[in-house]
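Both complexes below contain chain A, partnered by chain B and then by chain C.
Entry: the complex of A and B
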């Protein structure tokens, strides 16, 4: 009822919104519609429309360790960084709820979200100098990059999980404690299951962000371990080969796949919770 | 399983304010006690103190003489039914009911069996595998009760258990909760602001006010012999009539006490003509009369006493009590005149307040 009133209330003003939506959509899709076909080209140049159809550039990517190396590095770094930020973000959201109230909580929340607002370049520069002080055994690993990426994706997880927690009745935890549950039981049996889908969603989000991130990687990844996004920049600045399109297409497919699986899981979670009446 | 529950001068301070000023209660094993009071009277805080959800700043809570006030909630062996039920939305009915057994490390087969037994007790057998969201409010309340009772707790606590139910269901559930409590025999403390609910379910009722227990007694005794004017007013409808120099205002009858306030219930009155001349009586003017099925309810005014509420039998001739007429009321033979002595309460009695309105 309410939705209908809101919609009708907009009247003719709906048209500009519709136009804006279509324009935004096109702006997203048209570049993809160009990049993807160029990777099929049977020719030697990056051109649109492509010449013929072939998967030779995909084969080239997988045959060439300038690409396979970075793919593995990116997968590994993104996995560790996103897992780290998921654990930290979830723990922080849970901890804030238990310990903080009122103004302290608001100040703390702003602090936790701050990494979102920090320019990556200046942050990367600072971290770079910080890690120069560390023994080279440490600085030459992907650890600095993992820590930095975990830091910048931490707020993403925190915001998603804290948002889900706000919808969980705090009395459920009190109720569980009156039933004999100590805090580990409350955490594992009540709180985590109730925010499970948000944690998975936050993790997917963090993983995608890490995988796509190039600024921090350029500053922090060790000489012999380049991430995929970093490699893309490097190659693009030297030559425009159809391999770039092939790699971009694969990254896009991966993102769609990961986000698709993520939203499928989250959708099933919601359906299970609502499913009662069916 | 049923324990004696004792509160000894329990105090609670939150943020510098003392909100319980020394609450003492002595609840017998298997007894059903209800804490009744307006909002802010400290009844829910008292319940949460027993549950261990609110820390005390003084006094003792004892289960069978054992002090428990330092124990966390998970270590008290209680069952608490929340006002909102607080059912776990990600679990089935059966998992909800079995949860207190899970925390007590009871094995799975036994958990299942006890859950079935509890669902039987609350008359929802066979619902164990259903999601909790699929149940109605009344059913959810039964599940919450089954869950609280599943571990056979020492003490059962009910926080406004009927608040989320509609009126008709509420009455059914009050009887139902009472039946289950008697069947299980667990010491029970409930919180409510609904006096009918308190009287229906409880063996004894404690009236609370501003963080103190005002009076604790059986529903009958609270109704007939309230210790204070607050108690008199809180439980049922009341006419408070001043007693001065040993005489009841308006009636002129002599009463036991020198001065104070007499508590006259609406049903203590009858029409003067229906009673022998010796009964204390006074003339009043009827302002409204309404038929309520089992009785007539009258608002009447007397020059000295002020406004009063009177109920008369349904068989009364309506023309004799029409608004505007003056009728003679007498006190029923059986009613023992209860007077709250002057020194019990310092606040001005309700009667004088009503007089100013009537004037």
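Entry: the complex of A and C
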């Protein structure tokens, strides 16, 4: 309906938008279109266009603990950080819904969104030196990195869950409350089941963000525990080799798979809820 | 009749009569909000406040602000962030419009391109740009193949090299909010404009764009603020002799004796970010676009 009106309203002005849109779409795919072919070269050097076809560099990735170690560190750090931010972000969205709209809630919302905007280097500097002041070598564990990544992914979960909560009818809570349900019951039996898919979606999004995050990892992770993103950064700044292309291709495929499935699940959840309301 | 209404409203009235009970978490607000607020105060406010302490330790501010390299890098960073956010704003809006008006097949292809980009690791994308910029890389092969160039291309590690890559990285942050805003346009407004004889350009200028303004600005402000503190992409692609503020902070991160200077530089960067963010929030209600 809106699409048709927009099309009719714009008339011939559509054409430049379409042409530029397609050009931009190609621009978006350029870097990937270069990385992927360079990973299957049969030669010894990174070349574009690649020489022949071989999977030797993929095998090299798994033979070498340059990459397998960091993958495990990344999985562990991202898992803890994203679980923490999911719990905190969900609690915030549920709590803000109960708060009266007003000055306090506006100030609080700005605080909750702020981690999206702060420069990671500045933040890393503050966290790092703060942990140096704490006793017993906490700065030499992955704890600072986990906490910092949880902080920066917190707004992502909050925004996703708050968006889903906005579609939940507030009268459901009022009705339950009139019938004597106290807030933990309302939370557990009404709200959480209705926003389940959004919470999972927020968690997937947070996990992927932590997994990909490099700046905090570069400055905060301990010497003997390199994350995958940090390792990619290190290798890219030292020497460009086909293994780097192979690792990049694999991460990208995996990310698209996980996030694609995640959004499909979330899309279905949203559609089901809309259908239920209509 | 009056009596029944009065009895029916007793529970609601009772709740209103004891605001204290509400404040102490009658509906659970307090229990739900205290842990995340404590978390953010301890892990966001305290570390950033600690930077102030660090910067004041060793006259960090006068060292940082007296440093010509730092002053030049502030300017360079502002120019980068402003250029990138203007370009992203223009291209992102065009892309979102194209998504909305394209025939179904094209629209799906454009969506796939957008999400492939959005979901590709930042480092992989930056690495792709590094490959693209190699002296004998793809740009060279194409130009050479067309007979346009014989000498290797030299764009890698020039300040300008970071620009296309930054726009590329930031595009989804404008496209997504603008596309969401387009989906919310009122078809009746568009029909009214058409029925009343408005041409495409007038419709675009007076009906469509004004309603997209807050979505566009939310995206552009986010891009500006994120570009100010961006580390990885400019560090890998940009010029080593023309560093951004984030790179300078990174360089003195672990250098003993430079902690207070790094902290002062971080605070300057943070101050710019906060001023821009608060001003934009006042004018364009940016946080309402995200937080609802």
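Annotations for the structure displayed:
Here, the second predicted complex is superposed on the first by the 261 of 278 C-alpha atoms of A that agree within 3 Å, B and C clash if a C-alpha of one lies under 4 Å from a C-alpha of the other, contacts with A are read in each partner's own complex, and residues count from 1 in each chain.
Methods note: a contact is a pair of C-beta atoms (placed from the backbone, for glycine too) under 8 Å apart; a residue touches a chain by one contact, two chains touch by 3 or more.
Owing to the predicted nature of the structure, the values given are computational and were not obtained by experimental measurement.
Of the two partner chains placed by superposition, only chain C is touched by A:99; chain B is not.
In the overlay built on the shared chain, the residue A:229 is in contact with chain C alone; chain B does not reach it. When the shared chain is aligned, chain B comes close enough to touch A:169, but chain C does not. Of the two partner chains placed around the shared chain by superposition, chain B is the only one that A:194 touches, whereas chain C remains out of contact. Of the two partner chains, neither chain B nor chain C is touched by A:43. By the touch criterion defined above, A:178 lies against chain B and chain C together after alignment on the C-alpha atoms of chain A.
By the touch criterion defined above, A:129 lies against chain C but remains apart from chain B after alignment on the C-alpha atoms of chain A.
When both complexes are overlaid on chain A, the residue A:267 reaches neither chain B nor chain C. Comparing chain C and chain B on the residues of chain A they touch gives the larger count to C. Comparing the two interfaces of chain A, the one with chain B and the one with chain C have residues 177-178 in common.
Those residues of chain B lying in contact with chain A across their complex are 51-53, 72-80, 82, 84, 86, 88-90, 99-100, 102-104, 130-134, 147, 151, 157.
Of all residues in chain C, only 11, 25-33, 35-37, 39-40, 43-44, 46-51, 54, 91, 94-95, 97-102, 106, 109-110, 113-117, 119-132, 134, 137-138, 141, 165, 168, 171, 182-183, 185-187, 190-191, 193-194, 198-201, 203-204, 207-208, 222, 225-226, 228-229, 231-232, 235-236, 246, 249-250, 253, 259, 262-263, 266-267, 269-270, 273-274, 277-278, 281, 287, 290-292 touch chain A in the complex they form. The touching residues of chain A, counted against chain B in their complex, run 169, 171-172, 174-182, 185, 189-190, 193-194, 272-277. Chain A meets chain C in the complex at residues 1-14, 17-18, 20-22, 24-32, 34-35, 38, 46, 48-49, 88-89, 91-92, 94-96, 98-99, 108-130, 147-148, 150-151, 154-155, 158-159, 162-163, 166, 177-178, 183-184, 186-187, 208, 212, 214-215, 218-219, 229, 232-233, 236-237, 240, 244-245, 248, 251-252, 255-256, 259-260, 263.
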